[in-house]
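Read through the structure below, which is laid out as structure tokens, and then see the notes.
Chains here go by letter, A, B and C, matching the order in which they are written, and residues are numbered from 1 within each.
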Amino acid sequence: MNEAVLDVRDLEAGYEPGVPIVRGASIIVNKGEIVVVLGPNGAGKSSLIKAIAGLVPISRGKVLLDGKDVTAAPAHTMVHLGLAFVPQTENVFPLMSVEDNLKVAGGILERRQAPARIEEMYAMFPDLARQKRSAAGNLSGGQRQMLAVARALIVHPKVLVLDEPSAGLSPKFVSMVFEMLSAIRKSGVTILLVEQNAKAALAIGDRAYVLVEGKDRHEGVASTLWDDPVVAELYLGQRPLKREAGGAA
Amino acid sequence: MMDLIGYAAFFLTAALIFSLITLGLNLQWGLTGLFNVGLAGFVAIGAYTSALLTTPDDPARLGGFGLPILIGWLGAMVVGGLAAALTGYATLRLRSDYLAITTFGVAVVVQLVALNAQPLTGGPFGIGFIPRPFGGLAETPLLFNLSNLAIVLAVTLAAYLALEHLSRSPWGRVLKALREDERAAVSLGKSARFYRVQAFAVGGAIMALAGALQAHFIGFIAPDNYLPILTFQVWVMLIVGGSGSNIGAVAGSVLVWAIWAGSGALTSMLFSPEQQARAAALQIVAIGVMLCVILLVRPSGLFGDRPRRLRAAKAAPSAAPESRGP
Amino acid sequence: MSLQFVVDGLLTGSMIGLGAIGVTLTYSILRFSNFAHGDFMAWGTYATLAAVSAIGALFGKVAPIAPLSFGWPLIVALVIGMAFTALLALLLDKVLFARLRRQEQAIIVVMGSFGASMALRSLLEFIFTSRPTYFSRAIQIAMPVGLGIRITPDQIALLLLTAVLVLGVHLLTTRTQTGRSMQAMSQNPALARVVGIDVASVVRVTWIVGAALACVAGVMIGILVQIRPFMGFDILLPMFAAAILGGIGSIPGAVLGGLIIGLAEAGAVQLVGAEWRAAVSFIILMAVLFVRPIGLFGVRER
């Protein structure tokens, strides 16, 4: 039996009371897995993981992290509890140096551990080491994504949650980002990510959920999901799109 | 009895002049969401402009030009409107706080000019002999007070009706839309800014007109009439009445002026002359606390229509609620 | 033109700059212009004055420290005043600003601060009356230091104090975890929470630093000029202008902005007379808004 790191049960969440965007979604992420959440635009994917990260108010359901109920935990405590979140946009502090971005995130580590952990990040992302003094706002899109991921990893999270890590990147960087995630998983980190780029995400994922109108409608093994007729209808058949509220932050 | 009617007329005249200022502020803040913390400056500009235009020639300073009162009022509106337009033009492309700070500065500078530009403003002693409408009736105070009230009433009513009409016009609807979403207002660029500058200028002109009315009603002006406390009083009037509502602006002004005048009379009865200044300070403390309490407890005031912004409905995550849960 | 205006300008500029640090921090981290900041200054000064009197009552008359006009009681009292001012700011945040912030309209908070400013100032006037008072009535002899410039020992001490405080705050915000958290909050509050920063504690630090420096600036005014309930309100416009000139959110900017405005004011006093002093900051403010609204060290708002 697999051990669930993140267990989301029947979650209902939204920015305004009475207007849920996520309407009863259930997701399980097991230790060591990469789980992908797919779905058409406006399905509430982004709101779902923001709700998990504590950024969107939850009106029903539960979020269990390592068996512990964290449904009501304020956003700033999530990273202490072991859930590190990488937002889709504006995911670095643009006026701070690369090093300060890492230091501010390393603030929750023990004081003595932080410098060594930052060095580990530099070893993992040599690009960042070369640019440690430059302002994060001056990095390229791909490097910025790298910094955001490094910033999240620095705290040894139990699960790394990413909101469309490939959004807005050029194709070259897209494959780079997915290779990076694949490598991170190999080092033992559990990953949950939301993606538009279904093909690339399924290529590195173990399992995937398809979210439609705020509910998980289908679940399957990533490698075969692409050929599943239900997915083709739900996801590729793309019904008329609604704009995803709060999604394009 | 006659005294009482006379006093009532006097009180109402003062209150209605405040109402006129508050109506101007309501156009700026209530309808358009522009924060003016220097309105005393615009009132002063109106008062001084009209005084300068209408007083008899005075060798000690520039003018006066002895023009008819109506010209004075018109001039007050033009100059006040221009000053407001300029202030708005400088700041409305920036975040709303910059407008607040700049208007605050306008009031400081107007105060400074009133005090120091003696050849223009008469300095600390101000300007006297401002012609009063129906000055010929001054012998019969009751009739004089009532006729003053009639004029102020007529002007306020006209302003009220015009503003009601404006707020329902397409122009007013655009302003309201811009008020609801400052981000959109800024991103709409030049045209949105132009609308807001217009609203700010019209509001400034109304305040200046109120200043002129008051100058001609009292017959004498000095820099002391236009201290920050005036700005503060008018804000309390608008917030009590309810920003966004013209009727609220008028009702709030009359109510707060009644409280102010009443508590002023009370303190002058209860406290010895040397304690008067202290008591007056306490009066301001009370009004300041009242403003904060209303903002906390009932931000829409008595008649306000300003809806509480839907919680982070369309805002970026930075505006998302601090914690989660229902 | 005598070069004396440089000393006068640097002193005025120090007071403005120390005050502007609080203004700029409140604006960039709490996201509103605090019209009550000047009144924190005045309250801090009166608190310090009260502490000096209390110490005087307890320990009798204490001789001043050699060339200065004041002794250790004022230094101790200043620390007490700073703590008091910080508490006052925290209290006001709890009962007023924090609640208004939840309405999610920045300008409502500004309005609340305007109301609080009136109430705080008038309360001081009620307690202490509007008559000016002084820390000391002793007249200090100004020493000539060349180039026609004269300076008193008090003035030298206060300039040094300003330099030390500014350096301290600069190090706090750039070299410590607390400071990085403050920067993070001002750049992206949502992301700050994601990386585990406790917003409430950053807000507390912001108020404490801003209020304590406001108290120091107020006491400087008290030592060099006089103590009045309006002392803070009168310096509000220069503080705002300094914060905007320096670039909102920048601490070195706020200080440099303060010094520029202080020097410009002192120069204007020599050229056109003291009565026009207050117009200087308005002119500088308007020039900045027209030419470079993000200020000297500012960055474009996202």
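The definition used in the following text is that contacts are C-beta pairs under 8 Å (C-beta built on N, C-alpha and C of every residue); 3 or more make two chains touch, one makes a residue touch a chain.
As the structure is a computational prediction, the values presented were derived from the model and not from experiment.
Asker: Would you identify the chain whose C-alpha centroid lies closest to the centroid of all protein C-alpha atoms displayed?
Answerer: Measuring from the global C-alpha mean, the nearest chain centre belongs to C.
Asker: Taking each chain's centre as the mean of its CA atoms, which one is farthest from the centre of chain A?
Answerer: Measuring from the centre of chain A, the most distant chain centre belongs to B.
Asker: What chain pair has the highest count of contacting C-beta pairs?
Answerer: Greatest count of contact pairs is found between chains B-C.
Asker: How many angstrom between the C-alpha centroids of chain C and chain A?
Answerer: Taking the average C-alpha coordinate of chain A and of chain C, the gap between them is 43 Å.
Asker: Centroid of chain B to centroid of chain C, CA atoms only: how many Å?
Answerer: Using C-alpha averages as centres, the distance is 30 Å.
Asker: Could you put a whole-Å number on the gap between the CA centroids of chain A and chain B?
Answerer: Here the centre of chain B sits 52 Å away from the centre of chain A.
Asker: Please list all residues of chain A that touch 2 or more other chains.
Answerer: 54-55, 74-75, 87
Asker: Using the touch definition from the top, which residues of chain C touch two or more other chains?
Answerer: 188, 190, 193, 199, in rising order.
Asker: List, in ascending order, every residue of chain B touching at least 2 other chains.
Answerer: In chain B, 311-312, 316-317, 320, 322 touch at least two other chains.
Asker: Spell out the part of chain A that touches chain C in their complex, as residue ranges.
Answerer: For this pair, the touching residues of chain A are 53-55, 74-80, 85, 87, 90-96, 100, 103-105, 107-108, 151, 155.
Asker: Looking at the complex, which residues from chain B come into contact with chain C?
Answerer: 33, 35, 37, 90-91, 93-98, 100-102, 104-106, 108-109, 112, 115-116, 228-229, 232, 235-236, 239, 277-278, 281-285, 287-289, 291-292, 295-296, 299, 308-309, 311-312, 315-320, 322
Asker: Using the touch rule from the top, collect the residues of chain C that touch chain A in their complex.
Answerer: Contacts found on chain C: 177, 180-181, 183-184, 187-188, 190-199, 299, 302.
Asker: Residue numbers of chain C touching chain B in their complex, please.
Answerer: Touching chain B: residues 27, 32-33, 35, 96, 99-100, 103-108, 110-112, 114-120, 122-123, 125-126, 129-130, 188-190, 193, 199, 233, 236-237, 240-241, 244, 275-276, 278-279, 281-282, 285-286, 289-290, 293, 301 of chain C.
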